[in-house]
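When the chains are written out, they are named A, B, C and D in that same order, and each has its own residue count from 1.
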Amino acid sequence: MMHSLIQLSIIVLLLPLLSFVLLIFFNRRLPRNGDFLAVGILGATFAISAWIFWDVIVIGYDPSFKLAWSFNWIDFGDVPGVGPLQIKMGIMIDNLTAIMLAMVSLISFLVHVYSTGYMSGDKYYGRYFAYLGIFTFSMLGIVLSDNLFSIYIFWELVGLSSYLLIGFFFEKDSAADAQKKAFLTNRVGDIGMWLGILILYSQFHTFGFEEIYEHIKAGDFHMSQAWLTAAGILLFMGCVGKSAQFPLHVWLPDAMEGPTPVSALIHAATMVAAGVYFVARIFVILTVDALHVIAFIGAITAFMAATIAITQHDIKRVLAYSTVSQLGYMVLGLGVGAYSAALFHLLTHAFFKACLFLGSGAIIHAMHHEQDMRWMGGLSKKMPWTFVTFTIATLALAGLPLTSGFMSKDAILAGALGFAEVEGGGIYYLIPILGFFSAMLTAFYMGRQIWLVFFGESRTHLKPADEHHGHDDHGHHEVHEVPWAMRMPLVVLAALSVFAVFSPDPLDGAKGWFMHLVQTPETVVAADVQHENLNNAHHDASVAQGENKGASAETAAVEHVSDAVHGAEQENVHASVAAAGHSVVEEHAAPHATDDHGDEHHGPVFNDPRQAAIAHAAHENHDPAIMYSSIVVALGIGLALIVYVFGFINPEKTAQRIRPLYLYSFNKWYWDEIYDATVIKGSLLISKLLAWFDNNIVDGIVNGVGALVRKFGTASGGFDQYVVDGMVNFTAFFVQTSGAAMKKLQTGKVQTYLVMALVAVTGYIVYYFVQVM
Amino acid sequence: MDFFNTIGLNHYLVISAILFGLGLFAIVTRKNAIVVLMGVELVLNAANINLLAFSKYNGGMEGVMFGLFVIVLAAAEAAIALAIVINMYKTFNTVDVSSIDSMKE
Amino acid sequence: MTSTTYTVIFYLFAAITVFSAAFVVFSRNVIYSAFSLLFTFFGVAALYVFLSADFIAVTQIIVYVGGILVLLLFGVMFTNKIMMTDLKTEVLNIVPGILLLVVVTGGLIYTFLTRADWFTTVNQLQGSVVEKIGFETMSRYVLPFEMVSILLLLALIGAAFLARSDKPRKMNEK
Amino acid sequence: MLSLIVFLPIIAGLIILAVPSSQKQIIRIVTLLAALAQGALAILIWQGYDPSLPGITAAADGSLEGTFQFVERLPWITLDLGNFGTLNIEYFLGVDGLSITMVLLTALISIIAVLSSWTIQKQVKGYFILFNLLNTAMMGCFVALDFFLFYVFWELMLLPMYFLIGIWGGPNREYAAIKFFLYTLFGSVFMLLVMIGLYFSVIDPATGDHTFSLVAMASQENYLPGSIFGPESVMWRYAAFIVLFIGFAIKVPMFPFHTWLPDAHVEAPTPISVILAGVLLKLGTYGMMRINFPFFPEVFQASLYVIGVFGAINIIYGAFCALAQSDLKKLVAYSSISHMGYVLLGLAANNSEGMTGALYQMFNHGTITAMLFLLVGVIYDRAHTRQIDKFGGLASYMPVYTGIVTVAWFASLGLPGLSGFISEAFVFVGAFSSELTRNIAIVSVLGIVFGAAYLLWSLQRMFLGKRNPDAVYELQKDAEGNEHIHFHDWKGKNDLDGRELAMLVPLAAIVIILGVYPMPVLGLITTSINKLVEVLSPVVLTALN
């Protein structure tokens, strides 16, 4: 008998699929193309997931909550050399799942509602909702999966729905290109992920998360540790593709070709976050090297995207790059071991970024499909609701205090600082530095956007005529607030971007329920794998000590740590370090223990020295992080004000002055051009070459052989015709001619015959006599 | 000179040889069927001369008797041959042996 | 009579035989041939007499001259319109003919004269052999004699059958 | 039962012989009925089949109890060869996990192909007679358990195929037909030699004298020591394995021997392409699994890596070639070369996951490629061209067609939830799990991306965007001003009509169902595959030597 929550979650999973099936087949036959159906079903979905959320999060308030159910999907029977082998499919619910479930279904529901207004009157209105349904289904599937195989399946399925929705306006070539680009880029990431899955499967003959963790913990991983690191990085490649991380980020901005609600749902809130969610799922098997790679990728992505976002004109592109940047933050957070912080940011970001996108959608809707910020402006009075909600979300994104974004981003940055310390500074400080710098840039370009869109005078008339593509009369319409169907979601999402939802303390998300319920899990990678990092750990600990001369207790503790590391051999080390870490944590926690869950939010007890040290260091750096981030955000906003409000600096002039930099940023670091020149052109060239090779060489050989055989055939045929036949004909000819000659002898006259006879006889007689003589 | 004075066997043989040759010549060369028959008669006579000559010079009667028979046969032969010639003439309206080549092809 | 006269007469008849035979062969006129054939037969008959076969000689004259030659003449008459002039008979394949004549005759004569040494007995036939023929015919050669007579009969009947006109057949058909 | 399912089409062919060639409809219906009856029989067999019995080899005592099912075994030809002993050829049919899937596939594809043959107008009578002959030959190949019988069916297949391509094909049909014929004949000649050699080296433990029985040949104990293919004559066994492999690889088709496939497909009429890709290609890999590998397991063990490399070449090479094609049908042809590469790779893995994946891939490739070729045929019927750049924007005007095309295309590029994915996934799982082919698997994974690349690219060029300037169709506005597509000299429905839906929807349904829950097919094959892996495993060899 399944647990009731499992049954509920299965219903949650299948409802959107139902919506898809109904709408894809019957949307033409249904009134209003059946949008009410989709909205209703999604409402139910949200209701049920809210119920699950209530059950798991609010009622049972247990960090270690976990519920799993699975069934045999494929039965390979008794496999030689392996024994009975089944592939299981299943569902796993823990706190994170419950939260994600609620988040996804909520945003999906809101987007459905919003779309009824935004997409009304579209040619393929019903189909649109069907696609939303299948997307929601696959996204929920990712969230609920308990094994790598099913997560890969839903992974690809969200890829498909993203493909379908990006290319929803498929008559536009740009949309068609974008959808293809998105799918292929994701595929590149997916093959990495698939290889990672294969590495793990080939060792354990199972896909289940739990089994794999158990096996690795038990040290059943028989390949070299390099393979384990490789597995981690390859699995992370899936995230790189899906979450648009640094090498494969190019598809996400183009994905803005899709309808704006879709951008909000898929390319801001949920799907792109799925990569982060997946990395969180596999967090425990990541080796230190893998984590370092992840951290750097995240940092680079965050920084690069932020720099690009500064110079974009398209309102949606700016948001897209900010999304990439924020995803970079999350990945960075995971890389540095700030697990719960990263997921916290995932959650908060989902809400405010969805709000931003929907807001931008509202603006675009109101502006009659004008997306270029240069021709906007002065909308604050015309669209007050949008303005307010958009601003709140912007502040959250920029990371101003009193917003959810502030808490999560701060937590990540704190983790990054701690990580840098533990890892021994040097190059590792690049990560927090890039993080802070990106935070400043974020504040800057969001301020820029707010100003360009909402303040100043309307610049619609400035738009050059030749850019009036298609919508001949657009822009001259009176701009007015969007209908309630589109306003309501904005309000809800903006409300969810406020700190109070997550934590009572506007400065410390760690006091909130999220950080309490979603805690950094213990790594399962055996310590001896990390023994080379262990010295790091000790070294970091001492560094930490060096940096915090203040509190003597901590110092003592850290001394203790280092002594222990110096002294004993490995296992003692773990124990003592853990003890040390814990004690430190306790003491350090004491002053903060104000609220009811206070003493629990410091996370679990780590056996792993490194994690212990990082957790400790992260807590150390919480306050500095708040300080730094507040400063950089202030800097960013100030810069925006200086440039755009007070106009001390003329952006055009500046752009001219630093033209190469400007162009580099404006052209997105030329990644598209690079890929087009290398990968795409290259593979097309190879394909042309191979096709030529196939047609001319391989087939040429075949035909050559054929021709050779044919030549030989004709030759032998000629021999047959002229020589063999010739002989026959010659014989016939000879007989004929000689016969004709002989015929002349046959006169038919008696006397001729007689003469012959006589001549013959006489001749014989004469001969005889000559003989005798 | 003795050869010419005393008539011996060889003289008869030479005559028969000449007759035989002439008859043969007639048979081969002449077109007229009748003349061909005459040649046949000549050959027969030549043979007869031989028979009788040998019969005389070794004193047996066989040659004589055969000569007699040969003559009888010659008579029969002549009768038949003439009848054939006449039929031939009726059929082909000629006695030209060479013009009768219906055996040809 | 002496051997000289005997010899001369022999040569005379021999010459008659040979030349008349030659004339038979070489003459272009069938009638001439026929009549010269008469002389040939006479000559041969004479030679028979020299060979002391008088009965044969008589038979020769009766049968040949009286029978065969007459038959031949009849044939000539039947087949060649007398009144017409084309009693001539052309020759064909003269070359092989002459060749044969020379080779055969020459070969024979040469053989007879040079190589053949015939065994000749002293007791040659002398005088008339008529009586002996009678005995022989009735005793030793009776069977051939009968056969010959039957053959002759058949030959005559056949000849008559062959040579007759088609009238009787027509009558049969009536 | 099996005889019936094999010879039913022949009977239909005989009936057709009696029908006057003017009665086209009757001829078609007779063939369709035969195919449907065949399908019904296949389903009966499926229902009666016990998936717990392994098959592959006979039981220890040489009896077929508990291994093969629906066995029909009769002495067929018995010749006294004097001092060569006697030649015992049996009429020997039976199914196990390998066959049953292929039987189901063949029956299914036959029905689809008959429906798709409805549009054939030229010499209908001859066409359907040959079609039925082909159907019998294919079915026979899959159920024959006597090598000689197998060979007869194998050769019997060439003849109708040759004529069906050479008479009802496209402009260059003679070339394609003769190419196909020579290629496959070349392959089968060697097979004949090896077959005879095997006959004289294998003893049927039950009867004790030589046999053509594939079952007896599959267990190494039955090989006479000292015979040509006896355990110790290594060289001959290698030679035999190689020539057999080439013979089957031509059918697959494997990389150097693949060039007949694009020509044959491009020239062949749609139903023949469907059968060619759907069933005939499977015969190559089926032959490998049934004949080539179990007969010479140690050689198979030794050549795993080579086979894997060829599989990888097929995958990537085919994908690249497909990427460069401008003719849609040629693109699909190369895609099936690429997909058969997965089968080879799975076989090279030589473990249960890989082999199961391979066999399942054979089944799925049959259904999916059948869909692809049918869809190509649909558009070719309307537009009389297959040039990709002669279309564009079809999605706006042929929504149903586009929908099914999307399903087929995504199934072909291995989208999860569609059957193609599961087979490819397990091929990779198997190939990666075996140390030997791990790096090959890593390389081949690129095939996933390029597969997606050429399919999505063609999808975009043909269906998305707007109508190309030089497209082969016009757009007409109706009263309400909605645009409608118009093909020249095409009277029928612009979007799919009922018959085409009847062909495509079942296939699509199968693809989706088997993608979500593969056990209906996988359940049939796993036991046999495990047995096969066991037969092929080196343990058996050590036991025998």
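Keep this in mind: a contact is a pair of C-beta atoms (placed from the backbone, for glycine too) under 8 Å apart; a residue touches a chain by one contact, two chains touch by 3 or more.
In this text the structure is predicted, and so the values were computed from the model without any measurement.
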- line: Of A-D and B-C, the pair with more C-beta contacts is B-C
- prompt: By CA centroid distance, what chain is farthest from chain C?
  reply: A
Field: Whole-Å gap between the CA centroids of chain A and chain D
entry: 36
Field: Approximate Å spacing (C-alpha centroids) for the pair chain B, chain D
entry: 100
Query: Which whole number of Å gives the spacing of the CA centres of chain B and chain C?
result: 6
Query: Per the centroid of Cα atoms for each chain, what is the distance between chain A and chain B, given in Å?
result: 132
- prompt: Residue numbers in chain B touching 2 or more other chains?
  reply: 24, 28-29, 98
Multi-chain contact residues (two or more partners), chain C: 92-93, 96-97, 100, 104
Field: Sequence positions of chain A contacting 2 or more other chains
entry: 749, 751, 755, 758
Message: Under the stated touch criterion, can you name all the chain pairs that qualify?
response: A-B, A-C, A-D, B-C
Query: Of all residues in chain A, which touch chain C in the complex?
result: 749, 751-752, 755, 758-759, 762, 765-766, 769
Task: Flag every residue of chain D that touches chain A in the complex, lowest number first.
output: 179, 182, 256, 258-260, 317, 320-325, 351-353, 356, 393, 395-396, 410, 415-417, 421-422, 425, 428-429, 432-433, 438, 441-442, 445-446, 448-450, 452-454, 456-457, 460, 463-466, 517-519, 522-523, 526-527, 530, 533-534, 537
Message: Could you list, by residue number, the parts of chain B that touch chain C in their complex?
response: 4-15, 17-26, 28-35, 37-39, 41-42, 45, 48-49, 52-59, 61, 64-65, 67-69, 71-80, 82-87, 89, 95, 98
Of chain C, residues touching chain A in the complex: 92-93, 96-97, 99-100, 103-104, 107, 111
Statement: chain C residues touching chain B in their complex are 3-4, 6-7, 10, 14, 17-18, 21-22, 24-25, 30, 33-34, 37, 40-41, 44, 47-48, 50-53, 55-56, 59-60, 63-64, 67-68, 71-72, 74-76, 78-80, 89-94, 96-98, 100-102, 104-105, 108-109, 112-113, 116, 118-121, 123-125, 129, 132-133, 136-137, 141, 144, 148-149, 151-152, 154-156, 158-163
